[in-house]
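Consider the two complexes below, in which chain A is the common component and chain B and chain C are the respective partners.
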Partner chain A sequence: MRRVVPALIALVAGAAVLLDFFLENPLLDALGASLLDGAVILGACALLLGLVNLLVVHERRIRRRERGWGTSVVILAAALASLIVGLVAWQTPAFAWFYRYLLFPLEASAGALLAFAVAQAAVHAWRFGRLEGSLLLVVGLVVLLGSLPVGGWLNGLAAVRDWLVAVPVLAAVRGLLLGVALGVVATGLRVLLWMDRPYE
Partner chain B sequence: MIFCPGCGTANREGSRFCNECGMRLVQEASLPCPRCGTLNPPGTAHCQKCGLGLARAGDQEAAQPAQPAPAASQPEEASDAALRDEGLPPWLDAAESAGDEELRREALEDLASLEGEAPVDRLRTGGWSPEAIPIEPIVGVPYRAYERLPLPPTPEQEQAAQLFATVAAQAVQAEPRQVPEPKPQVGLGAGPRRVLNLALLLALLVPILWPLAPLQVAPPVPAAVVDAVGAIDALPPGVPVLVAFDYGPALAGDLQPVAEAYLQQLIGHGLRVLAVSTQPEGAPLADMAIDRVLAAHPEARYGQSVVNLGYVAGDEAAVRALSMNVPSAAPADYRTGAPSTTARALEGVGGAHELPLIVVVARDLPALRRWIEQTATPYGTPLVAGLPAAAGLAAEPYRASGQLRGVVAGVAGAAAYQGVQSGRSQAPRGLAALRLGAWVLAAAVVAANLWALAGWVRKRGAA
Partner chain C sequence: MGWVSQLWQGTYVSAEGAWALIALGAFALLFIVLTARAIAYGPFATRPLAAADRLRSAFARATETGEEVQVALGSGALGTAATPDTLAGLYLVSYLARRAALADVPVRVRVGDATALAGALAALQHGAAATGYPEAFDPAQAEFVAPLPFAYGLGVAEAMRRTPPVANAMAGAWGPEALLPIATGIAQGTPQMGGTSDPAALSLFFGTVEAPLVGEELYAMGAALGEGRHTGSLATQDVFRALIALGVLLGAILALIGRLA
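So, the complex of A and B:
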């Protein structure tokens, strides 16, 4: 029974939403709409669950004085402060201040650091030697310099870059997307036919 | 109780064999210990269990006449008397060897010669006087292990012994073990890495602080950008358009200019903008973009021309819910908290699939694909997209198939978009920094390859 009930719920909900997508029926529309509302609520609850888990993990680390517990203190303080401000005064400038002057610069800085990591990876990976590496080197340089030309001979690179994007890159990405789409369909069917139970 | 001389197990009185190891307990002419009852093999000088001197005990029994035990009025006196009668305490007697007694006798004789007393008077039968302090320290007397009869080895012990014999019999390997060569270092070394990072940092900072004319060239306008501009220009004024801010602050540098460029054109054309986000961090970014655009368009009003509906949780479910009914999926105004149905910008709006256009500014292709799958493909809703520069190429199949009307990718795309919209070519400072950074990276890649090539030529020359 413990395995059958969740599987039944998943089957009924998935089939209802899928049929609602293809068929025009008022009953199905209403059922699909309420199931989607429930999914939206569950998504929000999952976010809340993630927050609670974060607080519990870091609280345990502080209590046991594990390695890196000082960082956990900062994390907890920042999370609780923004949570309290967001709950009490989310429409006031205080919450906007939290976002604009704390979260935004921190996340933007973390994203900017990726530029250096990507640059090092490119220097390491784009090596002349084997056929694949040489091809990657040539195409990478053409796309990199052709995307931001300043005139002169670099405009010729831009034309080559446009051809690369329009023909081989398009073909390859199309193939990737088809594969992803088939995989998504296969996974959905497996869940609907009880062959996979990711909720267990 | 009879104590086994082999393993020390206590056996019942009268047992002939030990219950634990099977050793024969009753032996002919065995010496029973008068104190603990252990049967000792013939010829044993001290009991194997308690250490009592068996010969001395025998002598004591034989030589000492039976003396009545002194009446001990207190338990301490009785125990002292018992000690004297029984001779050396077990722990002391066990530590003594034959030679020790001889040494002790000699030492006492020396003492007596000094004090004038006969040494024999100091020694009681049994060899111990409570008043006498042994000359040699107890700790100096070697401990004598009990004699122990050999036991047959257990099967496990035999196995271990055979294994040891096998290993010990193997010949020693004369050749040393091959140590594998250390693997070559993966990635750049610390020095080149620092140089690359410093060069990249300068390349990104210098054009922002000091404009460099050669870099301030407007980028070429891709066809995808022209199509995006055309899709918005074709809309009549006053119709609602949904704009999804599906990205976070990490990509705001790349996508906020794109979102603002879209908003500028939409509000400038008098269209109603419904801002929404399926990412938690997207709603405040939408607020920031709306504030900047409204500052440039004083005729537009929040609530009439544009409304921020905030975050809708659920990823695909959120997009599907918005596609079916926008006010139901996003019931509140993010900025004011009022019901979204009170906003004039939302008048007459049902499902997102009924809108004439949806603008999706997404952090990556999967975030964009949700909108394509839930709105553009099933309902044919026109869709234009904004993506980071790295993901712009991946959206080309959707544009080629008609599911996307236009794509604006990154800062360069936003600059081109604004150029098309305003009719003036312009290049923001960020674009100049991107250009210089791209050249520095390309130069680093070429330099690394030339260095590797030089190393290879050197190796071949040496070989």
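So, the complex of A and C:
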């Protein structure tokens, strides 16, 4: 019984949301919206779990003086500072300041590191004689150089870049997406029909 | 039957919606039939996945060295469009958790979303309990790193620098930030495997990790790791893939004939 009831609830809830996607029916619309609202509320509650996990993991690291425990001190201090600002001053500019001048610039800086990571990874793969790595390096260079607003002979590379993106890349992406879509449907059905619960 | 007609009142189905429902119904029917066949008469034959082999050998190495195996699930959440990718990653966690509890191997799961954290904790706890060693579960095995993708990527890379894992499995909803831990793994010489459904990020996996999971392979890891029931869904996907390919080919030929005529 302990297994059948949750399975039935999951099946009915999943089927209702799925049917709501395909059909327009007042009852299904209301049911689907309530179930999705419930999921959003549960997701928000899970954030508390995330915060507790962050505190437990880093407190333990600091207590045991594990390697890199200084970083854990900074992480805990930043998490607590965000929490306090969020609780005390969530309607003041201080809260927006936190995001605009601390979080987003840091996120953008991390994004900027990607170019170096791409280069490092491609050169590594090329050095070890992997065809995919060499291709990644060459195509990456063509796309980068072809995107430069310089003119001259680089204009030719822009045409190569456009062809690469419009023909082989698009064809590969469409093939991949077809496979992924079928995989997604199969995974959804496995969970919906209670055949598979990867979180157990 | 009055209540059925009452429920049906005011229902509208577009032509697209009706076709999609029919296709989904056919897929579900074949899926059930082939899964039942796989359960009753044994699994369908599948081609081996390099990522599954790498994971097994990495786990075997971990049992000897005592070093941790890392599973990074990306920034995806349960309950969003990233759910299938996150579930595929959670399947790896579940597989490793069951074996780790028996072999006393540390498995470290790093997530970028709180709902995925809940899933990972449940998988680890069930894995330990299912093998008869509930005490092997440690809540700190799953770490919530950061909710923003690049911060998450940097956090995972930093964690790998701090404690190099014996293997790095990255399965879930990843974007370009995947390259940050991958670059760290490359620098350390860590065996890496992984995949995602995002084509842009997948190209990065394909060129840089030893065993990439390309396209639907991400969802086939269950079958590759020995879950016989999953081969039923793989067979269903193969049938539908063949039908779609046939349709595309037929459409292209008809379009070509139309253009020539």
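Keep this in mind: the second predicted complex is superposed on the first by the 175 of 200 C-alpha atoms of A that agree within 3 Å, B and C clash if a C-alpha of one lies under 4 Å from a C-alpha of the other, contacts with A are read in each partner's own complex, and residues count from 1 in each chain.
The working rule: contacts are C-beta pairs under 8 Å (C-beta built on N, C-alpha and C of every residue); 3 or more make two chains touch, one makes a residue touch a chain.
Please read these numbers as outputs of a predicted model, since none were measured by experiment.
**Student:** Using the superposition on chain A described above, determine whether A:G70 touches chain B (first), chain C (second), both, or neither.
**Tutor:** neither
**Student:** Kindly classify A:A166 by the partners it touches after superposition: chain B alone (first), chain C alone (second), both, or neither?
**Tutor:** first
**Student:** Once the shared chain is lined up, is A:G111 touching chain B (first), chain C (second), both, or neither of them?
**Tutor:** Both partners.
**Student:** For A:A33, select first, second, both or neither according to whether it touches chain B, chain C, the two together, or no partner.
**Tutor:** In the superposition, A:A33 touches chain B alone.
**Student:** Mind working out whether A:V57 is in touch with chain B, chain C, both or neither, as first, second, both or neither?
**Tutor:** After superposition on chain A, A:V57 lies in contact with chain C alone.
**Student:** With the two complexes superposed on chain A, say which partner A:L189 touches: chain B (first), chain C (second), both, or neither.
**Tutor:** A:L189 contacts chain C only, not chain B.
**Student:** Once chain A of both complexes is superposed, is A:P6 in touch with chain B (first), chain C (second), both, or neither?
**Tutor:** A:P6: touches no partner chain.
**Student:** On the A-aligned overlay, A:A96 touches which partner chain: chain B = first, chain C = second, or both, or neither?
**Tutor:** After superposing on A, A:A96 lies in contact with chain B but is clear of chain C.
**Student:** Quick check for you: in the superposed arrangement, does A:L145 touch first (chain B), second (chain C), both or neither?
**Tutor:** After superposition on chain A, A:L145 lies in contact with chain B alone.
**Student:** Across the two complexes, find the residues of chain A that touch chain B and also touch chain C.
**Tutor:** Overlap of chain B and chain C footprints on chain A: residues 39-40, 42-43, 46-47, 103, 106-107, 110-111, 116, 120, 122, 124, 173, 177.
**Student:** Show me the residue ranges of chain A that touch chain B in the complex, using the header's touch definition.
**Tutor:** Going by the criterion above, the answer is residues 17, 21, 29, 32-33, 36-37, 39-44, 46-47, 91, 96, 99-100, 103-108, 110-112, 115-116, 119-120, 122-124, 126-129, 137, 140-141, 144-145, 147-151, 155, 158, 165-166, 169-170, 173-174, 177.
**Student:** For the complex, which residues does chain C have touching chain A?
**Tutor:** 7-8, 10-13, 17-18, 20-21, 24, 27-28, 31-32, 35, 77-79, 83-84, 87-88, 90-91, 93-94, 113-115, 117-123, 126, 139-140, 142-144, 147-151, 153-154, 158, 162-163, 176-177, 179-180, 182-183, 186-187, 197, 199, 202-204, 206-208, 214-216, 218-220, 222, 227, 229-230, 233-234, 236-237, 240-241, 244
**Student:** Which stretch or stretches of chain B touch chain A in the complex?
**Tutor:** Spelled out, the residues of chain B in touch with chain A are 186-188, 193, 196-197, 200, 204, 214-215, 217, 219-220, 248-253, 280-281, 284, 287-288, 312-315, 317-318, 320-321, 324-325, 328-329, 335-337, 378, 389, 393-394, 396-397, 400, 412, 431, 434-435, 437-439, 441-442, 444-446, 448-449, 452-453.
**Student:** Looking at the complex, which residues from chain A come into contact with chain C?
**Tutor:** 22-27, 39-40, 42-43, 46-51, 53-54, 56-57, 60, 66-68, 71, 103, 106-107, 110-111, 113-114, 116-118, 120-122, 124-125, 130, 132-133, 135-136, 172-173, 175-180, 182-191, 193, 195-196, 198-200
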